[in-house]
Each structure stands twice: as structure tokens, then as C-alpha cells.
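There are two complexes below, and they share chain A, which is joined by chain B in the first and by chain C in the second.
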Partner chain A sequence: MARLTRYVPLLYILFLMLPIYWLVSMSFKTTNEILSGLTLWPQNFTLENYATIFTDSTWYMGYVNSITYVVLNTIISVAAALPAAYAFSRYRFLGDKHLFFWLLTNRMAPAAVFALPFFQLYSSVGLFDTHIAVALAHTLFNIPLAVWILEGFMRGVPTELDETAYVDGYSFPKFFVKIFVPTITAGIGVAAFFCFMFSWVELLLAKTLTAVDAKPIAATMTRTASTSGYQLGLLAAAGSLTLIPGAVVIYFVRNYIAKGFALGRV
Partner chain B sequence: MAHKTENPRAWLFVAPVLLLVAFNAFIPLMAVINYSVQESFGNNLFFWHGIGWFEQIMNSERFQATLLRQGFFTFIILAIELPLGVAIALTMPKKGFWVPVCLVLMALPLLVPWNVVGAMWNIFALPDLGLLGATLNGFGWEYNMTSDPFDAWFTMILMDVWHWTSLVVLLSYAGLVSIPDAFYQAARIDGASRLSVFRFIELPKMKHVLTIAVLLRFMDSFKIYTEPFVLTGGGPGNSTTLLSIDLVKIGLGQFDLGPAAAMSLIYFLIVLTFSWIFYTLMTKNDPM
Partner chain C sequence: MAIELQQVTKKVAGEMHIHATDLQLYPEGFNVLLGETGAGKTTLIKLMAGLEKPTSGRVLFGGADVTKLSPQKRNISLVHQFFINYPNMTVYENIASPLRVAKYDRKEIDRRVREAAEVMKLGPMLERRPQQLSGGQQQRTALARAIVKESDLVLLDEPLANLDYKLREDLREELPRIFADRGATVVYATSEPTEALLLEGHTATVRQGRVTEFGRTEELYRRPEFFETADVFSDPPINSGEIRKEGSRLELNTITWEAPAFLRDEPDGPYRVGIRPHFVSPREEVESPVELVGKVLVTELSGSESVAHFTTPSGNTWVSQSHGVHPFQIGEDHKFYINPAGFLYFRTDGTRVSAAAEMATL
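And then the complex of A and B:
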């Protein structure tokens, strides 16, 4: 029995990898091979699909746009969430519990509901089709999450730390930046990871708020797929490339995922 | 544990968050409420319509069917993903070389853009060209996601399990590794069975992270849009049209803003009520 349970995670990972393998292997196949029948691995290995993406600026600019607004969003979300999470973890104030729950309710708001009002709002303030618009729109669901995660980590830090620092003559801003932030790096790592993740994977709002200059890669994919026929190989190559930023980010926070998660409430 | 002090100036700390979220949440929400009580004949002419749209939506068979479908979907994926995620977290190694490898590989589906998830599973499930579709057909199951509602549901649920079980695994695992070894040693001395270790040590320690997992999965599965839309387009027929897909059809497809706004408010209230009840029940004994 104990032997058998060891294979559970292995089987699960195998199940996770199968569709990914299928996507990546298809990206190396020629259109002819894909349509001529089922082959388990590419028979005529080709890089043509990738060449198309890297030489066409409408394709590769999609990646640049996506990464730009995702990074902007991560910075804004974490920077705004830090002081708020500190307040929630250290102080009692009027309406704190209600406020905390209200923040969380924003994660429930379906993007489909907000698509049209968002379009009107960002057009009226002149931010339509800019990276900052998408970054700001994504704070709707990322800030609540970042506050939630950071609050969990901060509550694990004893208040004696704050008090000792004040006794030692630190002012609040100096204490916060020099002492407090470094002690919760793991928490910031985890929060940044989640912000990056949810901003990177979201499409509906990103697509609604952009037209040309800030169009995300995921939107380029759907439009290309529908205008120039069903080019499965090209679609698969573009899809495979979207896996890379995620994989890189996971690699960087791998130790935080292993250890950091457990420190806070998350 | 941190003890809290009374400090009204804490509002200043929260101000940036409030400002950003209010801009993003409050203004659009007002717009939605505004639409939900008005009738429009185009040309930006609006008329007061009271609660007419709400009555119409609540009584429409289409909305009831969609809501039922959505509830069914959420129930099934919670019933599969939670036990599965906890089971995988329990069987994962606690230390050593394989821990980061497992975690990195498991986190990968979470970082795939949602429309790529849909496209990936669409390619994977093609009855003749996809690995899954071809295999199932090879076993004699006449599998075709685009014509058979059962197959479409099967694929949609499998896709969601593929996509989100890892979140439950990661959260439960974080809860598990935070349990000090002393707890397990005490249990061994007392001669506790594996089951009672789980029931009395691991489960209570995981309560908090599992609350988060249930809340996140509940909220997110209720607002799911991109993945099933790319996978099946809501079809065959209306069989996989979940709430958000129907909402976009009415709101942006037919441009019936009033009914769409009313429907989204009802939908929002349902999620809010359930989450609030669950959150209150689970955090009742917390020192928050």
C-alpha cells in the first residue's frame, strides 16, 4: 500500500504533461503531417512554425505587450498591497473586517460582467489600448489576492520586531523598508508569483482593453487562427511559447513555493 | 502571533488599495446597475425600466437552465478536485530532491493562458487527430466532443481537473509541511492509526488553506469563461453554455444590455452569498 501511494504524484504529473506534450509536439510538425493522421512524435521535424512567429512583428510584439503589462501589474499590485496588508495584520480600525471581505468580493466579480463597463471607463479616461490600462484593470482581482497573501505572512512576524526597531530609533518608513520588507521576502515572492500568474493567464479583459498597440499574445492567437484558416501547427507553436514565461517564473520561485507557502496562512 | 493595536490612521495605509479597487470595481459596478434598471432603443436613449429585467431573467427558463448547468459544473469539479488534490498532497514526498521538481511540474498548468488551455485541449481531444480523442475512439468509445453533449462535458471537466487540481495540491501541501514533526511523533507514541492522524492532525491543520482553496475554486469556477468557450463554444447546442458564456452572448453578442446587466447582478449576488456564508462558517472561531 505504502509503495503504491508513491506512484500517485507520478501518475498525476504524467496526466498533466500529456496535453502539454501533444501541443509542443504538434508545433514541430508540418501542416501536412498534422492533417494526414495521428503520429505520436514529429516525423518531419520542422521549425517553420517558430520561424513564422519570430519574423513577424504582429506575432512577437504580442509577447512583448503581454509581458509588459503583466510586469507592470505585478509591481503595482504588490506595492499597493504591502502597506494595506501591514495595516490589516497590525492594527484594528473602523470597518477592518468588512473591508477585508469587501476586497475579497472583487475576486468574485466575473470578468464577463465588467468587460463592457471597463471598455467605456478606460476609453473615457483616454487609456484605451495602453499597457497601463490592462495592468490597472488586472489589479481588480490581483490586489485583493496580494493583500490576502501578504497579510498571512505578516501576521506570522512577531510585533516585537516592530517594537524593537522603534526602540532602536528607526522611523516608520525606514523600519518598513530596511527591516520589515526583507523579513517577508518569501511572502512578497509568493504574492508576486500569484499576481504574475493571474495577469498572464487572463484574456477577456486584456482583449477588451486593447486594439493594436498593446494587444496581448493570446489575442493575436485567436485572431490569427480565425482569419487565416485553421493553422494548427502555428497555433501550437504560439501556444507552446506562452508556456515559457510561466515556466521561468515558477523556476525562480520554486524555493518559495516549497517553503514560502507554509510560512503564511496561504 | 501578532497582537493588534487600535489605530484609526491605518486607513491611510489602506488608501492606495482602496483607490485602485474603487476605480476598477465601483465605477463599472455602478454602470452595470445603471443598465440593469433601464430599457434602451438604441442611439443612447435610455428609459427607466424598474425591476422589469430582474423579473424577466428570474422567470426565464433559459436562465434557470444555465444556472442549473453552472451549479452542476461547480459541484462536480469541487467534488473531484478537492479530494484528489488533498490525496496527491498527502502522497507527495516531504523533503528531498523531488520536492521542487514535483512542485514546479505541478504548477505548470496554472500558468498557461486560459485560451491556450482551451486550444490545447481542443487539439488534444480532436476525435481523429488528437491523442485523447484517437485513444478513446481506439478503445471503442465513439468519442466526439463536438456532437455529443456527454463527451463535451467529459472533456470540459477533465480539462478543469487538469487545470486547477494543482492549486488545491499546492495549498494543501503548504498546510501539511507547516505541521511540526512533534505532532507526528506524539501520534506514533499514542499508537494512532493513519486515518486518525489524518482526521485529528492533518485535516485541522489544513483547514485554513482548504478554506482558501474552496473559496478560490468556487469563485473561479463560477466565473469561468475562456476555457470552455475556446474548447466547445458552449455547444453542442447549449449543453456546455455556462453562466459567463451565456452572459457574453446576451450582453456583447445581442447587445441586450439591460437583461445582461440584471443577469450579472443576480449571478454576482449568488456567488457573494455563498462565499460569505462559507467564509463566516469557516472563520467563526478564528482570532482575526
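And then the complex of A and C:
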């Protein structure tokens, strides 16, 4: 029995890693090998798929576009959420609780609901197929999320800190930038991480609001698959690469996320 | 600097937090605000700091009206009960921060920070972060930041309440010396009467949003003008009872004793008596004490002192505090002796029948 339990985590990790392994291993195979049957590892190891992605601008620009609007979105979301979360954590005002809840309900609406009005709106103001369009569209669900996460972290900072700073002579903006923001870097890290991830994986709005110039990588992947037959190896390589930004961001905020969990806000 | 509150009130959501208060702080020594938690000490401090605006009334600094002046412009310092420091800065930067905001030059800042750190015994900690310090050192950092600025008014809101017993004693001893030559008016809020007595200076007793009395700490303790003051300024709580004056005799239930000279000319009728617990002893220590029998409810021993809570025949719970260890039987009747010098006589409206009679000891 004791022996069996030892293998449980091992099995768990194995099952967890299996699809990822499959994706990565596929990316090193040729499309013919993938279609010809089951192989556990690449028989004819090839870097051809990756070479295609890094040399063909229709491929690598997908990544550049995605990263551009995701980073833009993260910056806008966190910058807008910081003062909002401060207000919710520090002031009591008429309807504050309702407003906070209403903000959260924005996360509950499916993106598909907004796809059409956004498309029409952005087209008419000339924002269609720009990075900022996608970045703004994604703030719809990312700002509420960031406000919610940041509010939790800010509530953990005693108001006495604000008072001490005012008495010491700090003006509000100076206090906010020099003392308050550095105090909640963990919260900002967690909020930025979630904004990044949600914007990175969101496909529907990103696809609807772009055509060529700001086309995200996920859109590139779906379209390539339908033109010249199934280039499965290429797709697997593209998929493997999309995992990397998320993994990098997770690495940087891994310690903060535990703190976010402790606050019940993640 | 002369700090004054004139008819200051504070109303929050229709509830009076501070009733009309006049208070003129003494420019030297400590001005202690003594009162229970929730009495309004912190609100008073925030009103002085400008962190809260009074609903009505004025705040004067050196004769000038600062009621509408923001805390940034008042040249004050504030230390909270919780150890509040800027977590993103080193101890050095924490202490330097008020000077940096005021744009002092680098050399002057360095000199003042090192001096303040020396006084607060933080010399070796300067490069650390506040979280890496013990609670006592964190509070020392906050205090250093309060003295480095050379402000006109230093507000200490129960600065020692969250410290360990030993650290608290050390700091309490140091504080009056640290502030002695700085020319700042110091306000010190505390909920412990003993702490007020140990700090030299003046005390204002606060209860339910009112300053009941303000005066020299020792005077206030010995000769409170109001029963409420005596009640706030007593630990363990003061014993009180309804008495009747008939001619030259005073009567508490069935016990009678001779009225002191200053009471003889007062009209007959009901009075209230207040007796601090250390005037009630299970031993006959003074000549002609007032004797009282009470049923012992709870006893506390603290090495050199015995404290007993007992019910008087009229149903009040009284406390006796005496030197030495006294064997009490819980639930048994014991005889207690009250030193008549310890009686504080109040009229039914709570004002004291003023007396020249001083108490023998504190």
C-alpha cells in the first residue's frame, strides 16, 4: 500500500505532462510521420517546423502581434485598476459594494456577446485591425479582475500607513507612487500575470477585431491549417511556442501567486 | 508650541464621536490622553494631526487657526500602535523620508538620521528592512522617524501597547528623556492608568468622546474633580458606593463613620464615595479604619500583592489591593478595613466635594 501511494504523484505528473510532451514531440516530427502512425518519439528528428516559423513573417508576426496587444492590455488594465482598487479599499461611498459587484459581473459575460458590438464600434472609429483595439477589448474582463485582486492586496495594507505618510509630508500622488505601489508589488505582479494570461489565451475577440496587421498567433494557426492541407508538425511547433510566454511569466510571479491564494483573491 | 482645541466636535454618520472639547495642551512634557479603547483618544489625535476634520470648532497651533490645514503642512509627527514603517525602504530611508520630502540637503539628512538612530539605538540596523527587525526595533524606527523631523507636535497613539512587557518598560523609561530637549509638544495616548502616572506631565482623561478633565497627572490622580475622572484614572477599577450624610455621620448601608471636617457644612442627603482599591485592605493598617464585611469572589496573586474582588452588603463588587500575600477563602466572608483618608466624596451629579485633605500616599 505504502509503495502504491508513492507512485500516485508520479502518475499524476505523468498524466499532466503527457499532452505537453505529445505536442512538443510532434513539433519535432515531419507531418508524414505524424500521419503515418503512433510513434513515441520523433523517428526523423527535424527542426524544419521551427525554422519555418522563425523565417516566415506571416508566422512570426503572429507572435509579435499577440505579445504587443497582450502587453498593452496588461499595462492599461493594471494602470486603470490601481486607482480603482485603492478607492474600493479605502473609501466608503454610496453604492460602493454594488459597484464592486457589478464590476465583477463583467467577467461573467461571455466574450461572444461583445464580439459583434465591438466589431461595429471599432470599425466605425477606425480602430479595426489595430493592436490597441484588442488591448482595449480585453480590458473589459481584465480590469475587473485586476481591481478585484488588487483590492484584496490593498486591504491588507493598514490605512495607518497612508496616515503616517501624510503626516511625514507626502502628498497623495507621491505617497501612492513612492510608498503604496512598492508595498503591494506582489499584488501588482499577480494581477499583471492574470491579465497577461487571460489576454494571451483569448481568441474570439482578438480574431474578430483583426484582419492582417494585428492578427494574433492563434488566428494564424487556424488559418494555416485550412489552406495547404494539414501541416501538423508546423502547428505543433507553433503551439509549443505559444506555451513559452506563459511559462516565463509564471516563473517570475510564482512566489506572489501563493500570497494571492492566501488572500483568497486568486 | 501651544496646541489648542476650541469647541471641537466630531460627528460620524450621525453619531457623536467627540463631544464639544476644549483642550489646551502644555508645550512641555507629555500630554497623556487616558481612556479605554473606543473612548475617542485616536479620534482626538487624528483631529490634532488634521487626518480628520472637525465637524465644528477650531484647532489652533501657536495661536494660528490650522483647522483646514492638511497634515502635510502642519509639521507634526505620528507614531501608531501598530508598527508602521515603509516596507519598501531600509531603516535608514525610513528615518530619512520626512527630511527627503522636505528637501533637506544630503549631508544634513545624513547627520540627523544618524543622530536619531543613535538615540533610538538603531545604529547597526540602518541598512535592514523593517520586516527583518523585531517588533521593538520596528517601533523604534517609527519613533526615530518621528523625532528626526523636529516637529512642533509629536503624536504617539498607544506606541507601546503592542510591545512585550520588558521592551515596553525600557521604551517608556527612554521616551521622556528623548523628548525632553526637543521643544516639541508630545501627545501620548494610552489605556493604562499606570502608564500615565509613570510619564511626567499632564493627563486628560477621556470617556465616551468627552475629555472629563485635564491637569497635572499627579494632581488629577490625587484630586479628581469628577467621579468619571477618578473612574477612568484607576486600575484596578475604583470602588464606589452610595452613602448618606446625616449630621456629622456618614452611612454606607449599615456602616457609619464620622464625616471629615470639610463635609460637615454640606447639606445632608445622598453622596457618592469613591475609594481606590489600595485603600481597602484585609489587614488593619491604619488607626480607626472603616470596617466592612464582604464575600470574596475572585482573588489574584501577583507575587507581592493580593487583589480580591468581593461583594459588599449592598451588592456592589469592590476590589481590595494590598501588599503581601493574604490567604482569602473564595465564597467566604472576610473583613476589610478602609483607610478613611482614601475616601473621595462626590455629589450626586459627579462633582467632587472639594477638600484640602490630601491622600497620604498614591
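One rule holds in what follows: the second predicted complex is superposed on the first by the 246 of 266 C-alpha atoms of A that agree within 3 Å, B and C clash if a C-alpha of one lies under 4 Å from a C-alpha of the other, contacts with A are read in each partner's own complex, and residues count from 1 in each chain.
What we mean here is this: contacts are C-beta pairs under 8 Å (C-beta built on N, C-alpha and C of every residue); 3 or more make two chains touch, one makes a residue touch a chain.
Since we're looking at a predicted model, the values are computed, not measured.
A.B. asks: Please tell me, clash or fit, for chain B and chain C sharing chain A in the overlay.
C.D. replies: These partners fit in the superposed model.
A.B. asks: Thinking of the overlay built on chain A, is A:P158 touched by chain B (first), by chain C (second), by both, or by neither?
C.D. replies: Touch partners of A:P158: chain B and chain C.
A.B. asks: Tell me which partner touches more residues of chain A in the superposed arrangement, chain B or chain C.
C.D. replies: B
A.B. asks: Of the partners chain B and chain C, which touch A:M17 in the superposed model: first, second, both, neither?
C.D. replies: After superposition on chain A, A:M17 lies in contact with chain B alone.
A.B. asks: Look at A:Y251 in the shared chain and tell me whether it touches chain B only, chain C only, both, or neither; answer first, second, both or neither.
C.D. replies: First partner only.
A.B. asks: In degrees, to the nearest 10, note the angle that opens at the C-alpha centre of chain A toward the centres of chain B and chain C.
C.D. replies: For this superposed arrangement the angle is about 90 degrees.
A.B. asks: Using the superposition on chain A described above, determine whether A:T183 touches chain B (first), chain C (second), both, or neither.
C.D. replies: second
A.B. asks: Give one of first, second, both or neither to describe whether A:P173 is in contact with chain B, with chain C, with both, or with none.
C.D. replies: Once the two structures are laid over each other on A, A:P173 reaches no partner at all.
A.B. asks: Between chain B and chain C, whom does A:G126 touch in the aligned arrangement: first, second, both, or neither?
C.D. replies: After superposition on chain A, A:G126 lies in contact with neither partner.
A.B. asks: Nearest approach of chain B to chain C by C-alpha atoms in the superposition, in Å, rounded to an integer.
C.D. replies: Taking the overlay as described at the top, chain B lies 9 Å from chain C at its nearest C-alpha.
A.B. asks: Would you please give the residues of chain A that touch chain B in one complex and also touch chain C in the other complex?
C.D. replies: The overlap between the chain B and chain C interfaces on chain A comprises residues 158.
A.B. asks: Given the complex with chain B, which residues does chain A contribute to the contact?
C.D. replies: My answer: residues 5-6, 8-9, 12-13, 15-20, 22-23, 26, 34-35, 37-38, 40, 76, 79-81, 83-84, 86-94, 96-97, 99, 101, 103-118, 120-121, 136-137, 139-140, 143-144, 147-148, 154-159, 197, 200-204, 217-218, 221-222, 225, 232, 235-236, 239, 242-243, 245-247, 249-251, 254-255, 257-259, 261-263, 265-266.
A.B. asks: Please give the residue numbers of chain C that touch chain A in the complex, ascending.
C.D. replies: Answer in residue numbers: 46, 49, 51, 70-72, 74, 76-78, 80, 82, 84, 86-89, 97-98, 101-102, 142, 145, 149, 155.
A.B. asks: Spell out the part of chain B that touches chain A in their complex, as residue ranges.
C.D. replies: Residues 1-11, 13-14, 16-18, 20-21, 23-25, 27-29, 31-32, 87-88, 90-93, 99-100, 102-116, 119-121, 123-124, 128-132, 134, 162, 165-166, 169-171, 173-175, 177-178, 208-209, 212, 215-216, 219, 222-223, 225-226, 230, 243-245, 247-248, 251-252, 257, 264, 267-268, 271-272, 275-276, 279, 288 of chain B touch chain A in their complex.
A.B. asks: Flag every residue of chain A that touches chain C in the complex, lowest number first.
C.D. replies: Spelled out, the residues of chain A in touch with chain C are 158, 160-161, 163-171, 174, 179, 182-183, 185.
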